[in-house]
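Before any comments, here is the structure.
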Amino acid sequence: MSAVSKSADEIVYGLRREYLEKISAEGNRIDGRKFDETRQAVVNINFVPRAEGSAEVRLGDTRVLVGVKVEQGEPFQDTPNSGILTTNAEMLPMASPTFESGPPSEDAIELARVVDRGIRESKMIALDKLVIKEAEKVWVVFIDMHILDYDGNLIDACSLGAVAALLNAKVPASKIGAEDYPLPINHVPITITFAKIGSIMVADPNLEEEEVASARLSVATNENGDVVAMQKGLSGSITQQELFSAVDTSIKLGKDIRKRVLGR
Amino acid sequence: MIELGAQSDIKLINEEGLRNDGRKFNELRPIRIEVGVLNRADGSAYIEWGGNKVLVAVYGPREAFPKHTQNPSRAIINARYNMAAFSVDERKRPGPDRRAIEISKVISEALEVAVFTEQFPRTSIDVYIEVLQADAGTRIAGLTAASVALVDAGIPMKDMVVGCAAGKIDGKVVLDLNKEEDNFGQADLPMAIIPRTDEIVLLQMDGNFSREELEQAVELSKKAATYISNLQREALMAKYKSQESEKEGERSE
Amino acid sequence: MSAVSKSADEIVYGLRREYLEKISAEGNRIDGRKFDETRQAVVNINFVPRAEGSAEVRLGDTRVLVGVKVEQGEPFQDTPNSGILTTNAEMLPMASPTFESGPPSEDAIELARVVDRGIRESKMIALDKLVIKEAEKVWVVFIDMHILDYDGNLIDACSLGAVAALLNAKVPASKIGAEDYPLPINHVPITITFAKIGSIMVADPNLEEEEVASARLSVATNENGDVVAMQKGLSGSITQQELFSAVDTSIKLGKDIRKRVLGR
Amino acid sequence: MIELGAQSDIKLINEEGLRNDGRKFNELRPIRIEVGVLNRADGSAYIEWGGNKVLVAVYGPREAFPKHTQNPSRAIINARYNMAAFSVDERKRPGPDRRAIEISKVISEALEVAVFTEQFPRTSIDVYIEVLQADAGTRIAGLTAASVALVDAGIPMKDMVVGCAAGKIDGKVVLDLNKEEDNFGQADLPMAIIPRTDEIVLLQMDGNFSREELEQAVELSKKAATYISNLQREALMAKYKSQESEKEGERSE
Amino acid sequence: MSAVSKSADEIVYGLRREYLEKISAEGNRIDGRKFDETRQAVVNINFVPRAEGSAEVRLGDTRVLVGVKVEQGEPFQDTPNSGILTTNAEMLPMASPTFESGPPSEDAIELARVVDRGIRESKMIALDKLVIKEAEKVWVVFIDMHILDYDGNLIDACSLGAVAALLNAKVPASKIGAEDYPLPINHVPITITFAKIGSIMVADPNLEEEEVASARLSVATNENGDVVAMQKGLSGSITQQELFSAVDTSIKLGKDIRKRVLGR
Amino acid sequence: MIELGAQSDIKLINEEGLRNDGRKFNELRPIRIEVGVLNRADGSAYIEWGGNKVLVAVYGPREAFPKHTQNPSRAIINARYNMAAFSVDERKRPGPDRRAIEISKVISEALEVAVFTEQFPRTSIDVYIEVLQADAGTRIAGLTAASVALVDAGIPMKDMVVGCAAGKIDGKVVLDLNKEEDNFGQADLPMAIIPRTDEIVLLQMDGNFSREELEQAVELSKKAATYISNLQREALMAKYKSQESEKEGERSE
């Protein structure tokens, strides 16, 4: 296709992409961070006291609110001795001119599933301790993630918010005549996402970086440095070397965030 | 309002005439408004009103989409009231229910009275109202914050719309019901006015009011509206002051 | 916007609006009624014998059919000692070229909710007498309102139809081995709707009036003259004086309709 | 047709050969048709057929919407069969179910044979069939009324379509099953024809017919169709007569 | 409408229709078959061993896959002594450029209902033998028909696939501590569909024939030669004589297919 | 991966180091690919991979619809992964669930790396992946077959994408989990690469891998990919050979 038929938007986009690729090749990022440096993360727990757990997270200018509700329900037939975890993301049209009202987009579904996988596969929640009566009644943990302001990297903002909300959530056992108790926790997974710009993988991309990235990679690790979940995204590829370098950075940043932000 | 068998047992006003949260009959819950709290939106506001926490974002005027919704002679106001799943005691399924659709409609209509929509034909002005925590009176809190967010977005308006509610508990007309009062009271009257012209732009009511009680309720709300209107103005001033002082800072650097 | 870009439709609409505002300022209505005069209401009860209750209502040229079904169901958890009321409106495409097929529009939802509110808040139905077994089984009252022909003021036509159908409905207790009995009734609410044309509030607007109105106000009252529900509609405002004048007219017309049309 | 274990116990024809509602095997239920019963629709009709009460409105020809549904060489017939929630013993959830979608399709196809659709390219002719009370045979009643409503709307047609059904109860072929017969009978054959040309435009069948029984059933329905066709015509005449007499009245004033 | 405004597509369609009508008037079909001759039917049973029954059917170049699942469920209230049959058709976009993703089209719904009717009304399955506990638990038979490749006459291909899959299906009674047993069968219905081209009714139309047909008629018969279900389709008419000639052909071809293809 | 209380009781590798289906740790299940199996589609392929049976059809490049989805500078790849209702033990409700939507997305993205989409602006290339029987690893099987079907449709590509998965069972890294291993194992890593350039185009993981185990898993999959890549080529050759011999046959006639 000749450049003639390209729209102004496309030309601007192309220039922006070229510029970000150029500066990253020179070792720089648009906002001055190092490649393996995340934006400042501010976690405001218990923002919604009415929920069993909640956390507002600001990751740079990205802002999400995660609420955790814990309610009684029936267990799945094939796991009569296990509580239930369910995760939902709402990409509210409030958060960006590009988000639309209506049923969850495929982006929102992927977001919810990737966050869910990090929590589920790390066995963060001791689901076996959420049984009220075997095969009849268990606690259901609902994680609802509301995107309020979008400046890139929703996966990490939502994962952090979900983990923080769960760490501070209680099981409302007083509703069944017992005493409320903290949600039983086994592990603390942290997810770090990378964007590939040109041939550079940068951690915690902001919106400008995300928009010009060819590929995205999210790596969730636990406090032992094991990898518990991964997801590659976007229509580009990564090399084996990029993969393992991202894994290493994720393990390192995970430890840091676990300690510095969550105090674990 | 849910009817309970044991309704009469619950006492909402004590011997000293005070309500379950210590308020007098004509006293509002604490209200706090912040302006310009979001980065991406064209305008935004956050309100805490008692236990209510409501965030509002405004986008527009922008080309209305899909095209057949465009009005060739004015902007359409598209308010969308939404409750977060975790905002209420029992988790609410995401997505609009019938209640939310009705509330979105009456809020849109109320704002249309105030906005000079004829200045922006074929566009939509989208007002997203997210209830993060609910404690009775969310529509009124959302509408009050929405007016502020519209100003923050630079949308020209006659005046800001102010919401307020009055109700009846233990047979007495009182201002601004909280959740328990709403559940066990006898009437609720959410209302919104444009203070400068005294126009009523939103009005709903359910329960049971005599003609006289209704007049008392409307009067209570009208007085409160003046007070809330000032809070709206102060919140906007606070933002512009802080912007001014930033600029001052820049100049003096 | 200049008049040049106005469509023919808009110009016609503007002229029509101007005309109706003019004659109302002169004390007249397009069909010769007084401002506080409703159209003739004809109620044809038991139109659908297969339903537990039904009423066809003609309010001028507006025609609706309301059916009441009473079936067994589970009570809500927080009201174990109460039957259930549920109200639905179908704005059938049969009734107007402007009504569309598909899920209920926001107009249909508002209509159903306003009618429901008048009935529910007046405590018309003695829901506490609809319990079959506490916390387990109660009677569910379904009100379904079908709009057949649309010439304005659906709120009043549907409210009247719903009330008439309920007044003549039975509880099919023979299905559970008891005897059928009339639906237990406490109160009889009547809703009167006003349209604001220019600065005049007219009762029971027909379609032409509705289309040029700036605001709409519905007021439901009971037989004691108490106000039990209200709803302002449309993108215009009303004054406090207009509100109370409408309330007074509603109380007056309510008494009249309750007696003349419903024989109560 | 619902299968019941105790099917054989229910006797649908008595010793004198009469059916549970007193009809003979070749007897229709009472049918009454009214024309022009709605104000807003372009054409309308109301039919009572036994316990069935069905209202039909016709709109069009009007521009088909959305545009991609337009056929550049003819009108599309868009019949929509809908049962009121309260029309049946157990409340039906509002909105079209799979049965209603199938019936709407076969009715649309049947009417397309009769209407001169090629005269109105790019338009739709919308036929709304509302079953207000159901008593077996609603599709046939609706289709019969729809033809009349189309004429009332001034839509040019080859001829009116006439619906009729025959079935089998207690092993015997009979005309026009009622609800109990439909529930406990052995076969049902809803059919519609254009009497002038004898064309079959709708045909469905379920149950069990031998080749011979099928012939009997078709013959029964065809004969009844002629009778029903006359009812259609009389209903239309009645409307035009009453209009004439109104005009007469006007003239003599 | 003048021919001038006809699109190229329409003109081609008109010519094709004319051609097929001409050759059928001369006694011929586009693929050389006789009017009452079906295409070759190849049935590949047990294609999906994980299902309780399955059959892949190729009818000429039309290809469908039918799977039968048999699961426990609650009986309908009005038939406490009967298992449940439910039939669904998926017109996969894989099968034709004209099929779209999304909820079932009205064509898919009609297809599923016509196939269902043939099976249900012939009383093929002994539903009364599928009761686990009266009024509480019964076997539910799910027939799911996936259209893989579309060259006309889906009704017959799907009907044949459904019948073949049911004939080879088992009831997984081992799941409730009993022994698996073959799905109990009473009758074997066969459906034959005809397309009317000009004034000729041809059996088992292929896609080219289907596209130019004015009317369609499907006739299902059982092994006694009784008619158990019929459906006329498309916006054309048939005569009484055409109907009975189709019935006779259907009885004849049904016997043939029952024996030759299903070995019954 | 479903967590079971009795997880530790299930032994997935026996004393001789063999898996429950007799495979060694680095052994694939049997794979069979067929090309050009459908008549209507522009390209198609069928794959059997262990107990998985997956059919893929490709349509396009064709004008993308609805229009607003068109990309003016390239084709969009629209892969749609769908499980037949009967493909799994417990019947799956028809229509896409959240899992299918996610898988469709990552498969589309993987294929976009390989296809020269910039050659076909404003078009869509639709890839329909139907899982007829599922036995763990369906997305990988589907993606592998999709590449072949794209070639069959004549779509120009850098190279074919090859899918493969490795996982962990009984604490050991193994290739290509079957259903029981997936249910009771400790990790799964579905991956897809372009063999010629060694690019990773799809990567997902769940469970628990140490850094070292992850490396082993990636290495196992990469080696297997070369083998599967050959199967893809052979399947395509087989089709073209059979076409050639048909042509030969024609010529010699």
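Lettered A, B, C, D, E and F in written order, each chain numbered from 1.
Basically, contacts are C-beta pairs under 8 Å (C-beta built on N, C-alpha and C of every residue); 3 or more make two chains touch, one makes a residue touch a chain.
Since the structure is predicted, the reported quantities are computational estimates derived from the model, not experimental observations.
Asks: What are the mutual neighbours of chain A and chain F in this structure?
Replies: Touches both chain A and chain F: nothing.
Asks: Name the chain whose C-alpha centroid is farthest from the C-alpha centroid of chain A.
Replies: D
Asks: Just grab the chain with the largest centre-to-centre distance to chain B, centres being mean Cα coordinates.
Replies: That would be chain E.
Asks: Taking each chain's centre as the mean position of its Cα atoms, how many Å separate chain A from chain E?
Replies: 48
Asks: With chain centres defined as C-alpha means, what is the inter-centre distance between chain C and chain D in Å?
Replies: A distance of 32 Å separates the two centres.
Asks: When the C-alpha atoms of chain D and chain F are each averaged to a single point, how far apart are the two points in Å?
Replies: 52
Asks: Taking each residue of chain F in turn, which ones touch at least two of the other chains?
Replies: Where chain F is concerned, no single residue meets two or more other chains.
Asks: Taking each residue of chain C in turn, which ones touch at least two of the other chains?
Replies: Within chain C, no residue touches at least two other chains.
Asks: What topology does the chain contact graph adopt: line, ring, star, complete, or other?
Replies: Basically the chains close up into a ring.
Asks: What is the sequence of chains around the ring when one begins at chain E and proceeds first to chain F?
Replies: Order of chains in the ring, chain E then chain F onward: E, F, A, B, C, D.
Asks: Help me check something: in the complex, which residues belonging to chain E touch chain F?
Replies: Residues 47-51, 54, 61, 63, 65, 67-69, 71, 88, 90, 92-97, 101, 103, 142, 144, 146, 148-151.
Asks: Where on chain B does chain A make contact in their complex?
Replies: Result: residues 38-41, 51, 53, 55, 57, 59, 62, 80, 82, 84-91, 94-95, 126, 128, 130, 132-135 of chain B touch chain A.
Asks: Hey, which residues of chain B end up touching chain C in the complex?
Replies: Counting only chain B, the residues touching chain C are 1-5, 72-73, 98-99, 101-102, 104-106, 108-109, 112-113, 118, 121, 189, 194, 197-211, 214-215, 218, 222.
Asks: Going by the contact rule at the top, pick out the chain E residues touching chain D in the complex.
Replies: Chain E reaches chain D through residues 1, 5-7, 10, 78-79, 81-82, 106, 109-110, 112-113, 117, 120-123, 127-128, 217, 222, 225-240, 243-244, 247-248, 251.
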